[in-house]
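The first chain written gets the first letter, and so on, giving A, B, C and D; residue counts start at 1 in each chain.
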Amino acid sequence: MSAVAVHSLWTMAADPIEKIDAPKIEYGQLSPTLIVIGAAIIGVLVEAFVPRKSRYYAQVFLSVVALAAAFAAVIGLAAGGYGTTKAKIAAMGAIAVDGPALFLQGTILLAGLLAVFTFAERRLDPVAHGNRVDSFAAQAASVPGSDSEKAAVKAGFTTTEAYPLLLFAVGGMLIFPSANDLLTLFIALEVFSLPLYLLCAVARRKRIMSQEAAVKYFLLGAFASAFTLFGIALLYGYAGSVSYATIAQVVDGSIENVNPALADTMGNDALLLIGAAMVVMGLLFKVGAVPFHMWTPDVYQGAPTPVTGFMAAATKVAAFGALLRLLYVVLPGLRWDWRPVMWAVAIVTMLGGAIVAITQTDIKRLLAYSSIAHAGFILAGVIATTADGVSSVLFYLAAYSFVTIGAFAVVTLVRDAGGEATHLSKWAGLGRRSPLVAAVFAVFLLAFAGIPLTSGFAGKFAVFKAAAEGGAGALVVVGVISSAIAAFFYIRVIVLMFFSEPKPEGPTVAVPSPLTMTAIGVGVAVTLVLGVAPQYFLELAGQAGVFVR
Amino acid sequence: MENLIALLVAAPLLGAAVLLCGGRRLDAVGHWIGTVLAAVSFVIGVVLFADMLGKGAEEREMAQHLFSWVPVESFQADIAFQLDQLSMTFVLLITGVGSLIHVYSIGYMEHDERRRRFFGYLNLFLAAMLLLVLADNYLLLYVGWEGVGLASYLLIGFWQHKPSAATAAKKAFLVNRVGDMGLSIAIMLMFAWFGTFAFGPVLEATGETSEGKLTAIGLMLLLAACGKSAQVPLQSWLGDAMEGPTPVSALIHAATMVTAGVYLIVRSADIFNAAPDAQLVVTVVGAVTLLFGAIVGCAKDDIKKALAGSTMSQIGYMILAAGLGPIGYVFAIMHLVTHGFFKAGLFLGAGSVMHGMNDEVDMRRYGGLRKYMPITFVTFGLGYLAIIGFPGLSGFFSKDKIIEAAFAKGGTEGWILGSVALLGAAITAYYMTRVMLMTFFGEERWRHAPTPSPAEPSAEPAAETRGEYEVPHPHESPKSMTIPMIVLAFGSVFAGGFFSIGDRFMHWLEPVTGHDHGHAPVSAMTVTLATMVVLVIGAGIAYVQYGRRPVPALAPRGSLLTRAARRDLLQDDFNHVVLVRGGEHLTRSLVYVDHSLVDGVVNGTAASMGGLSGRLRKLQNGYARSYAVSMFGGAAVLIAVTLLMRAV
Amino acid sequence: MNPVNYLYLAALLFTIGATGVLIRRNAIVVFMCVELMLNACNLALVAFSRMHGNLDGQIIAFFTMVVAAAEVVVGLAIIVSLFRTRHSASVDDASLMKL
Amino acid sequence: MSFPLLTATAALPALGAIATAAVPAARRTAAKWLALLVSLATLVLALVVLVRFDPGGDRYQLTESHAWIADFGVRYELGVDGIGVALIALTALLIPFVILAGWHDADPQETGSTRWRPTQGFFALILAVEAMVILSFEATDVFLFYIFFEAMLIPMYFLIGGFGDRAHAGTDENAAAQRSYAAVKFLLYNLVGGLIMLAAVIGLYVVAGNFSLQEIAEARANGTLDMATNTERWLFLGFFFAFAVKAPLWPLHTWLPNAMGEATAPVAVLITAVVDKVGTFAMLRFCLQLFPEASKWATPVILVLALISIVYGALLAVGQRDIKRLVAYASISHFGFIIMGIFAMTSQGQSGATLYMVNHGISTAALMLVAGFLISRRGSRLIADYGGVQKVAPVLAGTFLIGGLATLSLPGLAPFVSEFLVLVGTFTRYPVIGIIATFGIVLAALYTLVLYQRTMTGPVKPEVSAMPDLRVRELVVVAPLIALLIFLGVFPKPVTEIVNPAVEHTMSDVQKQDPKPEVEAAK
């Protein structure tokens, strides 16, 4: 680097500046995110200043209001046409406000809302020392089984921090799919990952497993985000900017930006390709695609079930949103490079998830693997690289997230002395004991399996159709085969619930409060509505299928 | 008049319906209902017959179209009847003999608590048989064809508690089904080639198609005939069919049903006339069967089985005659009718004997019965004379004509067939004389207890099943049984003469079957004489063997031929080894295949999936670092592939 | 000096960090290795920033530091609680959930 | 717009199912009666459809069409042709008998938890199946059809797995195990078939852009929509596979014996007489209409498979030791005939096949239900456990025999007409296959008569000596079926009249004429 250049830098900085024009922020269009983040901060303050007894109520109220308000805001924006005609890039190019963003934000917010309901459930666990308890540790910091923990339980402590954490996570997830430059992407990623790491660690029962899950999730997550960051660095190095638009232009050559020094040594595109691959890898980690899926089963199993439900639903939505934007906005010019890779990933994800699930014995792990398989199906839609592909993925995500939250909510109901009875053998004969719960769970399983008249079928059909039209017929065939394999283990659970004799020392089904009931009820309702009359939502997703550039 | 035709079938059908659905409350009157309806049908037949005689030879044919049965495009099957002289002959025979046997059964089945159902089945049979001979197309004929098969199945197995009876019934039905295959294939061929299977059009169409095709159809029809008429190679069921009550044997397995094959061939005359090869096969089958049946008849000690053998061989005569073409058709039918009389008579006689002898069937336990049951003896004797062709009686005319016709076929085959027929006549004389002597003459072997006869595994006399032996008291049967026997005896005496004088029968049938005299190499006289001679020889030998010497109560081991003949010339053994055993092995192995291979493949895939899953699971070993490794590797591969994609 | 060299260095550091994550048992150390990877990214970012002559990269680097700090907070909290429960910070001990 | 008759016909049992399921646990009998009445009402509606349908009229009548999922190009389109009408009538006709025959099958052995209501569930599921089957006969939109084709698996699955035959060999545990094995096998086979079909359905959409049977068929006919030969073949195979599993066609048949063996007799009837018909029906309606060329291309192979089914099924029936499995294999053989008739591509063959679907439904119902009554008395499915029943229960034996005779398609009973039509229809185009197929009629006689002989005749076994004869309820079930068998055997015209026009349409879809008889050809 020559002295001149250095000097120029100095002078650049030294030049006198008349005025600094303040960045222009469209608060209105960012309102959903701002509301949630703001509420989260208030939640922290609540933790600090509100007396312990009333914290729970304050937090629940706050979260529900915040999420509902945010959702209202999203609806407002959508109604205001920001999803379609007035779609624009806001916050100095950092955030995109467009169809996909709003649709996914809406989905995430609803999922978050239901998640709050399941978080707030306090009727399942037996009352400890006269205090109703939820599924979070009395005091996460205290060592499991230690006196301090007993004391905490006795004192009726509860981890109400869970709610602000949830809100922060939601906030990050809201930004993630709408992030319009790599920096925002990365920050959003961290903002919703870190709270999740913590949430995983604060289960009331089986705390050791919970902590283990947290550690695994955290280490692997950090590892992955390091990759992402390095990818971002390389992309920046390639394009000289982190804004999606700019990078896209550089990629398709409308902006000439070749650094001779790099070009002659490693070929300029190497940066692009490697960088893109690493960023994509980070996102694939979040959606739990093979071979970046291995955290999923352990974390899903270890985390408190409400958290698992939330993660499984919302994280997927957010991550797929980001992935879509990245692939459709930043890297369309690179399609012919990433498509084959994604093909491979989609195939191994579908098959891997389905096959390994066959031999699972823990319901939560089973659902984890099923979520992996579903990630594969969604990837098939992503690969279509058509507007239809986008909208089909959006629809699938919406359908899937409600089924997931509902399913995990049901899992929280089936309990025995040791808390939730997640081992499959304990579910034997559930259909005899409490037909209703079993039937509801069967509905969710059938939706997972993609049986007609459930949302799962509509979604699956949508993505497969898009894939086929996008020229990925082979993917459809693989998808169909893996669905067949997957069907096997969903059916296994149904058989277990209905056709096998209940065990005498089997688990009991706790009667939940209206909160969980709402969560499950909404889940069932959405599952059936989207299965029988999906047209409206398909249109919605169809209108929302266009990214703003 | 035409509209009466349907009633012919309807009357007994109604009877069957009423009796079978009626339930116990009809037990008391059931047999009367059945008999009356059979008689009604006979009366209608007679009326129609009278009406028919009133017309000129050419416009005697009547038809009645009820409704369209299966209309699909060009495939048009109707429920329609056709009554010409041929059908008429059968109608009279069936309803006449049928009614008589109904009457006979009233007495014979008196002590059976399921008599009502028995009459129901008999009526069902009459209906089906009439449908068979009245149908105006092959498909409808097929219905009657299988209908009589069903009736025979039900009646053979009437005493279902006897496993032997049930088995015999099943066997009869199955063997017949094989024949039915022939019939259905024949119909398919007709439809494929002529576009129709109604008698008229088909027989017209014969002119326009190749001989080969007609031969094919002819052979298929012959297969059907073999099944129904117990001709070699499908004859094996008839012997066992004797498990049924004797009236059944008389009506179905002697007089009427078993002759359906002859009817079928004569009805399809035009097809056969145009297909000499087929005809030749028919004659050969007939010739073989008439010898086969005769030989079997000689060896049986079970009176009914002996008669069954004789039936077989007599039908052999008819088939042979039918195979001769226009020379023989008339005589085939004529013999069919006369045989209807005397064979029915013989069976009823046999039944009467059994009735008096506690259902004993082994002739070696009979003897000297003539003084105990005189009427039976006389009627049976007349029938006997008739069947062996004693001059002047029915059999003499009909059988003689067939032998002549066989010679008249001309050429070497004419000679062969003729001499076979002659030989048959001799053997007939032999075994019938044997039956006669063993039953009504000689010492009274039934006075002392029998000892189970090892040499007769196939026949199982009822005596053995009934535990300790009480000496039977032979007695004459009641009127209801003897009268039909007498009537039939008249028939067997005079029918032949009545038909033949002035060739009445020939002129009656000619419009349907046509007739020519062929060119007999030998005069009718010589044939008659020859017949007389062989007849005397046959009867003589029998007399020497069974009249002079005392008959051993236990069957002697006998010559190889005898033993073979006792076992129906090993036909069943062949079937058992080849078909039954083979079939069992086949099915057993197929069951295995289905379970292990077809199913195994699927279960195998499922299992292997499970295995694969189990192995992949191991990768999830719980160590965060190995997860990191897979991520790292994944990323590396991702990058590498991306770069490669660009490189290539 | 050719900016590529900075990139090489960054890549090297990144790889070292990744390798550390893969081979080291102690959760703290593993975590440190992740930090190392992040810093490798920072180096790359700053280098590119200089190369392109705009400040985006440097800004990102600052953000990264903040994020890293946040990760430390969360990470240490989790790891320490795990350590207090198990009296060992070995990642391999935390393998209850498997298969 | 006119009254949506077809929708009503399907909606009635659907609502009935919900209502039945809602009946409180204690009021078991009420649930039964409710189900029975609903099914009878449905029968009435079906008869109205039958009357309103004009054989001479348009191809599809009583049509309804509403927008449904525009994004998938899916409309809610119903319409019936003669074949559909016939099968709807069959379905609506059989369900009441099924319900009546299964009157006591779902009475809970132990009245434990009041929340568990097997009886209500049982009858509700039957009605649900009826609704879905009827809809799949009515749907003229491929996607709509597919939905119900798949969805009906679920209630069937619970019927098989949840309400097994009380008469089983061995302990309750392994009986339960076998039962759920059968249920899972049933579901997986059909689900796999369905999913492969799903791929084809999507492919069809990609090619055709919508799912309307009529539009696609027209477009194919007037050439506006031409598929590449290979595309058409793949799509055809996708569809056909699903239908062949359902039908079932050798070698995809093995689920049927398990399912029919383990299920209660009425449910077994539901499977083979009603649900499986959807498979053969769909071959006729979808395979031939949508992919005529591919159908013709695949015909030889399919015919051979059908032929194998006929002979193989019959032989295995001979080899069975379990009454219900025997009937199942017999059905496989019969389905072979049906499929053969469909793909013989002659009007006789296809009319025969359709007629066969109806007749086989009735005859199998008769035989299977009587067998069920028999089994429920002795508590065993093994043929060897019976003997001489005819002596103690003559009526039962008689009806059983008639059912058997219908199964071996004795002339004069309904199945004969259809079987012969199929044989003729096949023979005129494929003589050899036709001839080999006729061996089936001998084998049919074999397994039926052997079954009858072993169970009904011979000396009375002590275990059966006290066996009561058919009760009134059971007679009410069997008698009409038998009457129908005889009536349709003598006078099948009502059915053929409805069916023939539809068949002509199909024939023109595949552009095939019946081969002319030689004599005429010569002229």
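Definition applied: a contact is a pair of C-beta atoms (placed from the backbone, for glycine too) under 8 Å apart; a residue touches a chain by one contact, two chains touch by 3 or more.
According to UniProt, the chain labels map to these proteins: A = NADH-quinone oxidoreductase subunit N; B = NADH-quinone oxidoreductase subunit L; C = NADH-quinone oxidoreductase subunit K; D = NADH-quinone oxidoreductase subunit M.
What you see is a predicted model, and the numbers here were worked out from it, not measured in a lab.
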item: Chain C and chain A - chains in contact with each; value: B
item: Chain pair with more C-beta contacts, A-B versus B-D; value: B-D
item: Distance-to-centre winner among chains (Cα means, whole assembly as reference); value: D
item: Chain located farthest away, centre of chain C as origin (C-alpha); value: B
item: Inter-centroid spacing, chain D versus chain B (mean Cα positions, whole Å); value: 37
item: Distance from the mean Cα position of chain D to that of chain C, given in whole angstrom; value: 65
item: Chain A and chain B, separation of their C-alpha mean positions in angstrom; value: 81
item: Interchain centroid distance [CA atoms averaged], chain B/chain C, Å; value: 97
item: Residues of chain B engaged with two or more neighbouring chains; value: 606, 617, 620, 622, 624, 628
item: In chain A, residues with contacts to at least two other chains; value: 215-216, 219, 223, 227, 297-298, 488
item: Residues of chain D whose C-beta touches two or more other chains; value: 188
item: Touching chain combinations (by label order); value: A-B, A-C, A-D, B-C, B-D
item: Complex interface listing, chain A residues touching chain D; value: 431-436, 446, 451-453, 457-458, 461-462, 464-465, 468-469, 473, 476-477, 480-481, 483-484, 487-488, 491-492, 495, 498-501, 533-535, 538-539, 542
item: Touching residues on chain B, where the partner in the complex is chain C; value: 617-618, 620-625, 628-629, 632
item: Touching residues on chain D, where the partner in the complex is chain A; value: 67-72, 112-113, 115-117, 146-148, 150-151, 153-154, 157-158, 161-162, 176, 179-180, 183-184, 187-188, 191-192, 195-196, 198-199, 202-203, 205-206
item: Touching residues (chain side chain D, partner chain B) in the complex; value: 188-189, 250-251, 253-254, 312, 315-316, 318-320, 347-348, 351-352, 388, 390-391, 398, 405, 410-412, 416-417, 420-421, 423-424, 427-428, 431, 434-435, 438-439, 441-442, 445-446, 449-450, 453, 456-460, 490-493, 496-497, 500, 503, 514-520, 522
item: Touching residues (chain side chain C, partner chain B) in the complex; value: 18, 21-23, 25, 30, 91-92, 94-99
